[in-house]
Amino acid sequence: MIAIASVTKTFDSGKGRRHLALADISLDIAAGEFVSILGPSGCGKSTLLYIVGGFIPPSTGAVLVKGARVSGPSPDRGPVFQEFALFPWKTVLGNVMYGLERQGVRRAQATARARELIAMVHLGGYESFYPKELSGGMKQRVAIARTLAYGPSILLMDEPFGSLDAHTRTRLQNDLLEIWERDRKTVMFVTHSVEEAVFLSDRIVMMSRSPGRVKDVIAIDLPRPRSRADLLLDRRFQDYVVNIERLMEEPAPEPRR
Amino acid sequence: MTRTGPAPALAAAIACAALFVAWEIGARLARIDGLPPASQALAQVPAILGDPEALLNIGASLRRMVVGFALGVAVAVPVGLTMGRSRHVAAFFNPLLMVIYPVPKAALMPVIMLWLGVGDASKTLVIFLGVTLPVIYHSYQGSRAVEQKMLWSAAAMGMTAPARLVRIVLPAALPDILAGCRVGLVLALITMVTSEMIARQTGVGNILFNSLDMAQYDTVYATIIIIGALGFALDAAFEWLRGRLVAWAEPAHPILAGTT
Amino acid sequence: MKALTAPLAAALIGSVPILLIIALWQVIAMSGIAPPSLLPAPGTVFTRLLQQFGSLAYLDHAATTLGRLFAGFAIAVVVGVTLGVAMTGSRWVGAAITPLVRVLAPVPKIALYPAFILTLGFEDASKIALVVADAVFPILLATSQGTAAVEPKLAWSALAAGASRLRCLLTVILPAALPSILTGCRIALVISCIVVFLAEMITSTDGLGHLLVRAARNFQSVDMFVPLITISLLGLLLNAGFNAVRRRLLAGFPEAD
């Protein structure tokens, strides 16, 4: 489904210096697979996601989606950002309808479909609210509905629950799994929380920083559908979390001149 | 926009050249009496700059401008900083400033001339009035944005309130103050030219309208070029100075408010 | 209760300096230090002001001033916003216009007035042109800075939903930059107010600025103060009106109030 082939990314860090953010990343993701990209901040995991989204170009290498080279954003790959990135001048309904309108769906139909999606993310009744009137968790639900609206087969999630409090976070994780188990979209999920990655994923891609590269790929062999309460008591879940956390404890990078 | 070496200066030079070329072509095509080609206007510039009387006029204008600007900054910065740190002081001055804001300062010229005569005092006062408002406003914004916890730390170290204003608020608000000064400088120039256009006694503004009355169109346009160059040069010089003084601050935006 | 008293107290404190100035004015006028021909008593001036507000001839002059002001401001908004958006939307337009703006923005536009008179005549056109020249830069700069500073993830969300680049520029970047654009417009509005008055003072046969100059020539000191107070009131009214419009337009934005 997604083939990342020898992707590197260098940024101009000013005064002629160049910073290697991603060094030779290769990775394949199968259709319907839930893959987490796990790593410390600054390891380029979000950059990798943006390259797959087609929002920024790779410096070398290429990303193929369904065999076609990615050259820009497409409604087949829907992003969900940590910052929500909702349109502040549009209501909840307006935000969710935006993608449908761009797809040329008729207004009446788009409204009906948007209302369905808003109900699905448990926000029925909030259609006419502006984003600023919603809590962080509610905003992210709107963002998820907005992305699901135009029917992408791939979800690109950039630390979507990173700015939410612990309670809201677990609720949204459960809701996301529920949605995923129903329509089995391919998900690329960037996070720095080990527990979150183990709970959600089929596979975890661990990255290290300076420069960002793939350190390890770990298959998570836990039964689905998953329930948080069961997993917390499950010895295998605990082992995954402890082992991955141990792997993550790498020495601090050398200061570079 | 990346700032790399001489590129912006080169771009500005090209932009100037493009303006003059467009003017030259436009004037030759349009053939209006009131619009001589750029080359004719440019040819007049050395004549004006070589005329001792004109130079004296321009010098006098600039002197008034500098005095008015300096006085304006000296008054406006303390007022703005105090407003930013005290709600009561801000409430005291804000409505007054709002009422004065839309009044064209140069329009006070006839009234002030009535009181102070047509000499330097009137023109300097008008420039002073034109400068104070933007400088107060920016100092106020900068002072208000100073992190409260920074002041708490200073107070805990035993710094008195006036000392905090000078040693903490002033440097912290310096980027904003200088942004205000930049607007104020351009405004000083504008107020200067405008007040001279209205008072019609001496100065650059007077040269402009005298030559207009005498239908010396080349001189009119040459004077416009000189005033424009003056504005650009003053702004560029100040921007250079600002870059030295607050190298630690974020790069400045181009001026937003630049008029009368 | 407290919410009501705080602004009230602020308004009371704020009225002190204005009242003080009027009181001082009254005292000086009464004491005879300044003869009425130099400084008429405030009572005389305000009576004359009210009288003039009932005079059709005076209102006609005010309407002339307002007409020029709005014509110039409207043109400046259209030109400034269009160019500002184009600068962000196209690298080429940006590269072409940025240096021009850098050169022209600090030029005292009032110096161009003789040129406008020579090319456009002594009537409305030259005054409107001067208003445009002065008002366009704050709007253009605010628009180009505002649109350039829009969170890229907002644009990415739109592009991923299937919006074209142009569509994204018009339906996402432009509205997202609205708070900044309106700030530029508000500065430009006050500038327009000032400039139109000055232009009328320099050469005109009608408008509020002309009334001031005419009064000055005839040494009618009372009639010099009346247009000045009128323009100040006009500025306050325009500002209040603009704020009302702004609150409506920015309904969803956090910075609406």
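The letters A, B and C name the chains in turn, as written, and every chain counts its residues from 1.
Keep in mind that, in the parts below, contacts are C-beta pairs under 8 Å (C-beta built on N, C-alpha and C of every residue); 3 or more make two chains touch, one makes a residue touch a chain.
From a predicted model like this one, the values you see are computed outputs, not experimental measurements.
Student: By Cα centroids, which chain is closest to the centre of the whole protein?
Tutor: Taking the mean of C-alpha atoms per chain, the most central one is C.
Student: Specify the chain most distant from subunit B by Cα centroid.
Tutor: A
Student: When the centre of a chain is set as the mean of its C-alpha atoms, what distance in Å lies between subunit A and subunit B?
Tutor: A distance of 50 Å separates the two centres.
Student: Taking the mean of the C-alpha atoms as each chain's centre, how many Å separate subunit B from subunit C?
Tutor: 18
Student: Centroid from C-alpha atoms only, then distance subunit A to subunit C, rounded to Å. What do you get?
Tutor: 47
Student: Which parts of subunit A, given as residue numbers and ranges, touch two or more other chains?
Tutor: Touching at least two other chains: none.
Student: Quick check: in the complex, which residue numbers of subunit C touch subunit B?
Tutor: Where subunit C meets subunit B, its residues are 9-11, 13-18, 21, 34, 38-39, 95, 98-115, 117-119, 134, 137-138, 141-142, 145, 183-184, 187, 190-191, 193-195, 197-198, 201-202, 209, 212-213, 216, 221, 224-225, 228, 231-232, 234-236, 238-239.
Student: Tell me, which parts of subunit C touch subunit A in their complex?
Tutor: Per the stated touch rule, the residues are 151-154, 156-163, 167, 171-172, 175-176, 178, 250-254.
Student: Which bits of subunit A are touching subunit C when the two form their complex?
Tutor: 50, 53, 55, 72-75, 77-79, 81, 83, 85, 87-91, 98-99, 102-103, 130-132, 143, 146-147, 149-150, 152
Student: Which of the residues in subunit B end up touching subunit C in this complex?
Tutor: 1, 8, 11-12, 14-16, 18-19, 32-35, 87-88, 91-96, 98-104, 106-108, 110-111, 113-115, 186, 189-190, 193-194, 197-198, 205, 208-209, 212, 217, 220-221, 223-224, 227-228, 231-232, 234-236, 253-260
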